[in-house]
Every structure is written in structure tokens, then in C-alpha cells.
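Data block below; observations after.
Each chain gets a letter, A, B, C and D, in the order it is written, and its residues are counted from 1.
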Amino acid sequence: MTHGIAKRRVAVVGASGFTGKEALRLLAQHPHVEVTGVYSARSGEASAAETYAGALREPVSASLDLDALGTNDAVLLCAPHEASATLVPQLLESVPLVLDLSAAYRLRDAAMYPRFYGFEHPAPDLLEERVYGLTEFAREELRNTRLVACPGCYVTSVLLPLLALRDAGLLTDDDVIADCKSGVSGAGKAATGVTHFASVHEDFRAYGVGTHRHEPEIREQFASDRVYFTPHLLPIFRGILSTLHLRADGDANSVREALRTRFEGEPFVSVLDKGLPAVSEAQTSNRCVLGVASHGDRIVVVSCIDNLVKGASGQAIQNLNVALDLPETAGLEPVHAAIPGWR
Amino acid sequence: MTHGIAKRRVAVVGASGFTGKEALRLLAQHPHVEVTGVYSARSGEASAAETYAGALREPVSASLDLDALGTNDAVLLCAPHEASATLVPQLLESVPLVLDLSAAYRLRDAAMYPRFYGFEHPAPDLLEERVYGLTEFAREELRNTRLVACPGCYVTSVLLPLLALRDAGLLTDDDVIADCKSGVSGAGKAATGVTHFASVHEDFRAYGVGTHRHEPEIREQFASDRVYFTPHLLPIFRGILSTLHLRADGDANSVREALRTRFEGEPFVSVLDKGLPAVSEAQTSNRCVLGVASHGDRIVVVSCIDNLVKGASGQAIQNLNVALDLPETAGLEPVHAAIPGWR
Amino acid sequence: MTHGIAKRRVAVVGASGFTGKEALRLLAQHPHVEVTGVYSARSGEASAAETYAGALREPVSASLDLDALGTNDAVLLCAPHEASATLVPQLLESVPLVLDLSAAYRLRDAAMYPRFYGFEHPAPDLLEERVYGLTEFAREELRNTRLVACPGCYVTSVLLPLLALRDAGLLTDDDVIADCKSGVSGAGKAATGVTHFASVHEDFRAYGVGTHRHEPEIREQFASDRVYFTPHLLPIFRGILSTLHLRADGDANSVREALRTRFEGEPFVSVLDKGLPAVSEAQTSNRCVLGVASHGDRIVVVSCIDNLVKGASGQAIQNLNVALDLPETAGLEPVHAAIPGWR
Amino acid sequence: MTHGIAKRRVAVVGASGFTGKEALRLLAQHPHVEVTGVYSARSGEASAAETYAGALREPVSASLDLDALGTNDAVLLCAPHEASATLVPQLLESVPLVLDLSAAYRLRDAAMYPRFYGFEHPAPDLLEERVYGLTEFAREELRNTRLVACPGCYVTSVLLPLLALRDAGLLTDDDVIADCKSGVSGAGKAATGVTHFASVHEDFRAYGVGTHRHEPEIREQFASDRVYFTPHLLPIFRGILSTLHLRADGDANSVREALRTRFEGEPFVSVLDKGLPAVSEAQTSNRCVLGVASHGDRIVVVSCIDNLVKGASGQAIQNLNVALDLPETAGLEPVHAAIPGWR
């Protein structure tokens, strides 16, 4: 099956965080990718290479050498937002394809960066050029770009059903409550008061209402300021469950049918025949699992993903596969990582 | 301080579940209550009395003797819904005050029982007579009744802020999304597929959209069919966090101020000066902790309670205190069971 | 790489529990196995086949047809102990290889069954014939048997280091404290008071001291009545960490070196250069990860496995691979399922 | 009951960590203590006073004024080890009673401090003078001292049964395996790689074998180098369960009876009639709950405490009560904080 596909050379820059590690975990199983190196995004810092050497098939080098990276077919960039903003133009000088997992190129409107990310964007022209990599809605563009901005984790879970329903003409209006809940890995690997076991275990909280960085991203992509995104922190490690409260022209059956039609044949989007998904149905896989219920004259859509996979590194690899003309599910199988209900 | 208050005699019927146990835990610290007995709600079943004997100050007897119960000032009834529906009229023949923690007398509309609870209500006239015991909104009635229906756990968390805001005339309309999350103790003590550790730990799910029994209760009390209640199951033992998405005449400051004004002096309702509460700020106490945030032209109100305390046994004792003219916080102190942030 | 290996036909009997599901999860990725069917071990019971149909490559049939099973190369039997005891002789009439994951054939001494398992053993002669499938110590026998009794989960974690150290002549005596801790999946899928979230979460307990069924199994295999096995229940889903307190001729370095020598080249046993493993280093993989520390004149060996993989279904497949002359790691890769420290 | 007991004035120094907070939680319910102030142990650092003001009955001042502290009857010192070592002599110049919750005065042998705590002890003579406050074994001394070193959390759980059994002459030898497991609060409030949710949740590990600071403390108090203490980190917030493997002159019944005899009338030590305790039976209370099982020719004793209460702040208050001639359970009631099995 895999005959005739030459291995693509891929380097990972920035592997000290959860998304970098997850990318390495997945790439280690990718049949058509050779990980050529793992580099620290911060010069002078010890590379994560040593840590992961055992998991890689090829020797790795530690220091970030922009010239040497040019021998790769692609670079996965898992650096902090501001570091990525600067690194991307440098990488593009020699690398034919950069997939950025940070938010540095997600927003087309450069004016948002000072406000939501605290820095002036260094390359606003690239914001015009980049492809926003919500794979299921961007395949054509992905095949013709050198820069992919991989969507935010919450954003992915919200946009997949919303864009499908809007495209189907089923939304009565664009007024949507997105009440979203994420596991702690979304808060990153830094040890802080927020990520301390004592702050999370047997607890639950909302945060960032009206100020979270994923709200402008959702609104820009959905082209509406009437999506109200409220994030919460779950006492679990992985996974996002987003509860969307909306109004549709039709009942749950119509909405479910529209989602089924839109995502038929999609390897990574499932629509439940009945009931609503639990986050465990998506954990560790690249799947987005959707469920629909009627709620009087409203509709509830529940969308589950693994924030580190479909919400980050998995979708980045899915984008890599599309952009490099590899089988889209390569490295992301088994597609149903979890047998439903299995844990 | 406690001089001159004669101890009231209180029996607990039905103590095998979480709410019965929680009631006993709290009553064991109540300075003005003597627990005269703990009885099984199901005849022929071994009483929980033996289990809790060590925790009680007085000897207990095991079999349910309706006549003997007549020597009490009040009975706390922690039985299953249908059993309570039948027991209440029997108890009222000899007991001057019954506080029912089940849903058997919560809904005024008897027609709801076959649909939501699966039984024909045996005493619809008592549905007219009973007082709905959301304490902060029912003190006068509580002083003149023999039957108190203690509100549902989710319902308590939702109604406290909603009724306050409607009374203040601040709600633009009655269209409210109540996206609510509860710990597992809300699912009861029965060992089922739902409460198995493997179904809950490192997982999260929505359930009962449009069919949960607390929706008609909220709607009846709020007198509107436009409250959309969506419950979720959290991987924690105790606590409810309800996220209310609504529209108000005014911003977060106005809403916060209205809540402060309404609940000033209330021992068990707190309104945060800023930020949104975590569920740990209410766990193990009888408090409802409220926080408010602006969200564009909407308002988010977060309401946290402990489902077993303010959502069940604590509120029942609060109602008992009011009805028996005891200090309202007796047995429920320290009011701030948890030092904020303490866990 | 996989050319020339004909697919082996394997059926799974008993898939309603955790080990059956785990076996299916792993076999779905096995390059040389075709799962021909999933059958309920209990006649008249709805098969699990429907549940897993989506995860299987081949259609499945539901009722247990002993004749039809004869077309398979092997059967994985994931039934309850007593059911397995009866089924194995029946299966052996037509099936060339049975791998039993229950305890029904683990103990050579038939007299133990009434005492520890509550039933008289129906086929004591098969107890003589069966191979005890602790793979790393049984390869030769595995290639020449029709019945494999797969070891208990705790037992596997304890025996791997203990047998290695005894074979190396390093144990001062056979007096060993095995203080073991297991996740809840070891308690099975049945919803009971023990597996209720409220009994496990934020809790921890010892159980079965002197009475647990794995103690006679360890003692029989280690041929000593001086291994003291104490199990505990961890508030996690998967994994076992066994802390072995023993005395050795030599310090931690000697013990570590002996383990390294014994397990060199073993794909599924790792010995840490320094430090002690966390259970996360073994979770979801078929690995046993060992660490050694000096403790005065004693030695502490910590052994971690995933109870559902190396402690059950993974080791069963490892045994299947050896018995059917397939590559031993087939279906169990990536061998390092988890990048160390990754979660 | 409380008539005629004048309130004692107590200050808390160092309240930013878990033990300081827990002390404040308990003292807020103490009927005979007035908390006069909460002070930061580190000069120049913002006091925790503001945080806890709402929980205190009296106004608090922020800066550490050694002279002003002299008006107190006692000071609870919840500072880091080295800070405490220095502060204690300073406090003793004006304060009649200091209860130190750190390890700074736990070890009588000053030579241990450079090795296990990394500092030269500044007041070795006070190591001779101080009382080691394992309350049940130190009441007489506690009534005649000005300095109490409160025992380590693990140490308390291990010593209570061990000292009782040695005093009863029941131990065959002093060779004891103490396989101990603690919740995360034992690792402190600092956000580190160790306390990150991702390092603890769904994980379990041993640590500090042969190097943990509580081993020399146990060995000094038990006067034997043959107690082998192995700590593990549980994915829970509170509680310690210590599994002691030992040999006794007698079976489980004899050992249980000896423990019962020794602890009869003790308000905070319980010996189970049968079975072994879960950590939930001690959580949030000042209790130590003991269970005994025979294990062949060995005995297993399981000892459960709450590391923040009996293992730290609760025992400190118990010591305070004894030293100041207050009722020993004051501020620590209900003695059975948890109804057994209640959660």
C-alpha cells in the first residue's frame, strides 16, 4: 500500500510543550514522514531533542540552523506565539512549507495582535497570504501554499459544525452561544497556579469571558460578532467539549442530516445517529464527533475533539498530508483511535 | 448564645442515599436539633441507622413507625420521588412539618408527574398547599406551612440569580441559556454504568437536553418556557457550576450591583466583586457564589453551589430553621466552609 | 515488510468486559490478524459484536457456534473465570489454539480453585498441559501448546523482575514484600459499590490482604510462600505500579545490571538507567518498565505495566504472536506507546 | 460547657502555604482561640492577611513585628524549614509558646540538618529542649514546654501504630516496611513540574527512596535504622495511607487488641473492628484510622490520616490545646468529620 511514496523530510521546531510532543508522538507512526530533527525554538536553550531521541527513528541535532532546515519538505512550528511570528518569515526563506501551530498567523486582521496577543505583528503581509488550516474547509488552498496557520483548539471544535450549518443555509441567525469546556493540557505545560493539581482536581471554573483569544478567531472565521464564546477548565487532561446553542430552520433531524451530508466521506468528522458525544469518544484521536438535540425552538449541537490532536498537532499533520499530497489519514490512524465507549 | 433555645426533635427518613447522609452530617453539628431517629424509607429494608449510629447523639430505631414519628417537630424526607409522593400524606397525619428533598412536591402542575417522573401524583391538592423552599424567596411562606418541597439542585443554582434579576427588572427578555455542569453525586449513589469510575474520570458529557426533570421545574418557577437548561456531568464528586447566558438592561456592573442589592445580608449568597467563581468556592458549604461578566451585548452570570448542601440537604435545614424559628444559619456554619482558594 | 505473512484467523469470545474490548482495540491494528468474529461467552446474551462492528474489518456473527470457531487459527477467550473453565475443553475440540485471559487455567494446583475461585475445576488434566504465558519466560513452550493461560495483571508486574533476579542468583532469600497498586479497570466493568466514582475518586484503599487470588498465583510461579502481596486501589483508570521490597546480594547497581542483562533485547521490558518509573510510562503500551533503588541494606524494585495490556490483552496477543510464529511485536506497536513523560 | 474559658491569643506566621491555610480554617472554628494576626514569614512580602481577612474574626496586621507578637499566648509557625530554624529563637524571646510546623526542630540530631535539609542548624541547643509533638505520646511534656516541633505528616501516620505496638511489646523485631502513599498537598503549594495536573492525574509514582527527609525522623523516633520508608505520590489532594508490613508476636487479633487498648479513650485515634481503612475515613478530620490484617506469618497495619490535619495543622492545634490546658478536641470537632463511607 505504501509503495512508491517517498518519505518526506519534516523537522519539528519547538518541542518542549504539549503540542510539540504530541506532534512527535504522531509523526513517529507516520509511514511517509521522516523526522529529520527536533529543535528548540529558543536559541541557547537545551533542545528537547535528547528527550525524544528514543522515540525518533533518525538522529537529531539540537541547535536551530535555519539554513540546514532548508533541506526539509516541511517544518512543524510549535513555538510560542510571538516567537513564531518572527520565526515564520525566516523559515520561509529556505523551507518550502511551514505549518505554524501557534496563533501568530491565525488572525487575518493584524490590528488584533497588539490587543489580544500583546505584540505588534512583524509580517502583516503574510497574514494575507497564509492559509487558515481548518482542513475540511481548506483543502484546495492547502495544496497551493507555503504557510499554514493551524486553527486554535476551541475554534476547531466550534467552527466545524457552525460553518457546515451556515453553508447549508440552516442557521436562522448568526447568534450562537458557544459554551466550551477544555482539559488542562490546553493551558500548557508551564507549572502555574492555574495548572497546579490543587487548582484543577475536584474543581471547575469559567474563565476569559469576553477576553479569550479564541473569540476573535471564531468571529473572524464565522464573519459574525454574535458568536459568544465562553471557555471553562475541566479537571481532565485532554479533550474539548463545546456545547453550541443556536436556532435553525429545522429540527434536530434536519440539522443532523445537514451535518451528515456535509461531512459524508470525511475521515475525521463523525455525526452520531442519536445522542450526544462524550469527550472520550474523541480523546487521543484526530476525530471531531458531533451530536445534535432539539431543545424546544432551539438546537443544541455538541462537538468533541482532542485539543492536542484535531485541535493542534493532529490537524497540523492532516494539513501537512494534504499540502504534500500524502494520504490524508497517514500518521493519524487508527482513525477511530478509541473504540466508542472503550476508554 | 444558645441559651433558651429548646432542642427540636427531628427524624430523618431515607438515609441510604447521598442527600440523607449529607443531612445527617450537617444535623450532627446542629446546636438546636436532636436527631431522634434515622429510618429507611423502604419497609422491610435494613435501616441505615446502624451505619450512622456512631455519628448520632441519640439512639436510633430502625423500622418506620408513622405513629412514633408524631413526637417530632419535623421530618426530613430523603426518599425516592415516588416513595415520597406516597409517604408525605401519611407523615402529615402526625408530623407538624415535613421537608421533602425529593421532587415529589416540587412541581405545582400535577400533569407533569406522569410525563417527567413516570407516576400519577397521589396527592395533587398538596401540590397546591406545599411551599417551594427556595429559602431566599420563601421565608414568609416557610413560617406558615406544614410541607416544604425543597428545590432541585440545578434549579437552585439557576433560580437564585434569575429570580433576583427579574425582580430587579433587569432582564431584557426571558430568553436564557442555562448551561449547567454537575458533579457525580447528583447522579446518586446507585452503582450504574453512568456512575462507574470509568464512565466519568477523564471524561465529560452533556445529557438530558430537553428531557431533564429540572427543566420543567425551572420553567414553572421562572414562569417562562424560554429558559433552555442543558446539564453536563463533571468528573468531580460535589458541586454545580451554572453558566447563564442572558441579555440585560445594563452592563456587568449593573447586573452585579442588582444582585448585591438583592442578596445583601443574605448569609448564604455571595456576589464576587470581580471575576467568576470556581465550584470549589461553594463545595461543602451552603453558599451560592455568583459572578458576573459582560460578553458583548450579553451578560454571563456564573452560579456555584454544592449540589448536596445548598442544592439539597443544606437548603432543607435552612428551611427547617426558618420554619421552626431557629437561627437560619444554625447547623450550617461556618457559613464560609471553605476559605476561598483553599480547597 | 509484511509480505508473505498470511493473515491468521482469530476470534474473540467474551467482549463485554475491559479485557475483551482492549483485545479488540489492539487486534484492529494487528497487521497479520483477521478478527473473524466477536462472540458473547454467555449464550442467550446479546453479543458485543454490534458494538464493535465499526471497529472491525470483517463482519461478525453474534451467537457462539463452537463448530464454526474451528475455522480459526486461534481464539482469545475473555470470559469470566468459571465460564472459561468450562468453555476451554469445548473450544479445544475444534480450535487449534486457545488463549485464556481468565484465571481458569493459571493455577497448576486444582485444589486452589474451590478455595480462591469458588468452583471445583472441571478439567484438572488441562492444568498440567497448559502453558503459563508469561511470555518472556515461556517462549519455547508457547510454540508447542494448544492452551495458554495468560497471567494475572498484578502477577505479571511482580514476576517479571522477581524471576529475573532469582534466575540471576541475586536474591538473598525469597522473602519479598510486593506492595502493589492498580487502577480501577482491574476491578472490571461491573457497576458496583467498589467501582462507583464516589468510592474511588479522591480516595485510596488496600484490599484483599492475604485473600487476593493473585497471591497463590505469584507463590506458585515463584515457588515460595514468602512473597507477601498487598493490593491497593488507585483512583486512576489504567495501570499497575508494584513496589517490591527485597534483599539482594549486591546493591541497586548490581540488581539493575542483572535486570538489564536478562531483559536485553526484550521488546517489552525496559530497565531505567536511574530513577523509578511512573505508571504513565507504561500506560496504553505493552511495556513493563522497571526501576531500582537502594534502601539501606534492602533493595526497592518498582515495576509498572498497563494492567489491560501487558497485564491482560497485550500479553495475550504477544503470546499469540509467539505461538503462531508471527513477529512478536505485531499489533503491539509502537512499542513505546507513550513518549516518556508525555502523558 | 465553654463558660469560664478565656480566649487565648494566637498568631499565625506564614500562611501562604497549605498548612497555614489549613490552620486558619481550623482556628476559625476554635471556640477558645482568638486569631490575633496572620503574618508573612518573609519580610517584605505581601502578607496573606488580606486574603484571609474575611475568614478571621479579628482585624489582622501584615508586617512581622516580633515585639507585638509577645502579647500572644502562642504562635503557630508555618514557615519554610530554614526560615523557621532562624525565626524560632527570635520568637521565643517574647512568645511563651511556639508551635513549629516545619521540620526545623523535629530532628534531635543537629548533624542531620546539613545532610537532609541543606542548612547548618542555627540553634542546636533548642533541639535538646523542644518537645516532639506526637500528641498521643507527649502530653506530659507538652504541658511544660515553650517549643513544640510538630511531626512530619508521613511520620505521624507511621509512628502512631508503631510506637503503640513496640510499647506493647508485640513487635518481633524492628524490621518494618513502611510503604506510604500521600496526596499532592504534601508536595506543597508551589507550582512545579511535580505538582502540575499533567504529572499527577491518572498517574502514580514512588519517589525519594532512601533519601526522603521523613526517614531519619521516623528512625530517630523509633530508635531503629530498620524502618524502610518508601513514599509514593497519589493523584488525590489530601490524605496519607501508610501500609506497614511487620512481624508480631501474635496474629491480627492480638495486634488489633493491643492497638485498641493503647488508644482507648483517645479522641483522634480509631482502630477498626475489621477491615482496612480507606483514606476517605480520615480526610478533613484530625483522626488517625487504623486497620489490621494477618498476612501469613506477617501483619499488615494500614494507617490513614489527613496530611494537612493530623499530619500538620490539626495536630499543631491539638498540641496547642494540650499545652494551654484547653479541651484537647477544641477546634477539631466534629471529631469524626466524615461519617464513615460518606465522602
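Operating definition for what follows: a contact is a pair of C-beta atoms (placed from the backbone, for glycine too) under 8 Å apart; a residue touches a chain by one contact, two chains touch by 3 or more.
Worth saying up front: this structure is predicted, and the values here are computed from it rather than measured.
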Copies subunit C and subunit B - interface residue numbers shared by over half, same or different: same
Most distant chain from subunit A by Cα centroid: D
Higher-contact pair (C-beta pairs counted), A-C versus C-D: C-D
Rotational angle, Cα trace of subunit A fitted to subunit B, multiple of 5°: 180
Centroid spacing, where centroids are CA-atom means, of subunit C and subunit D in whole angstrom: 41
Distance between chain centroids, defined by C-alpha means - subunit B, subunit C (Å): 47
Between subunit A and subunit C, centroid-to-centroid distance (C-alpha), Å: 36
For subunit A, residues contacting two or more additional chains: 185, 198, 201-202, 235-237, 343
In the complex with subunit D, residue positions of subunit C that touch it: 177, 179, 181, 198-199, 202-207, 209-210, 225-226, 228, 230, 232, 234-239, 241, 243, 245, 276-280, 283, 293-296, 298, 300, 302, 343
Touching residues (chain side subunit C, partner subunit B) in the complex: 18, 184-185, 189, 191-193, 195-202, 235-237
Subunit B partner contacts - residues on subunit D that touch it in the complex: 21-22, 24-25, 28-29, 51-52, 54-55, 185, 201-202, 237, 334, 336, 338-343
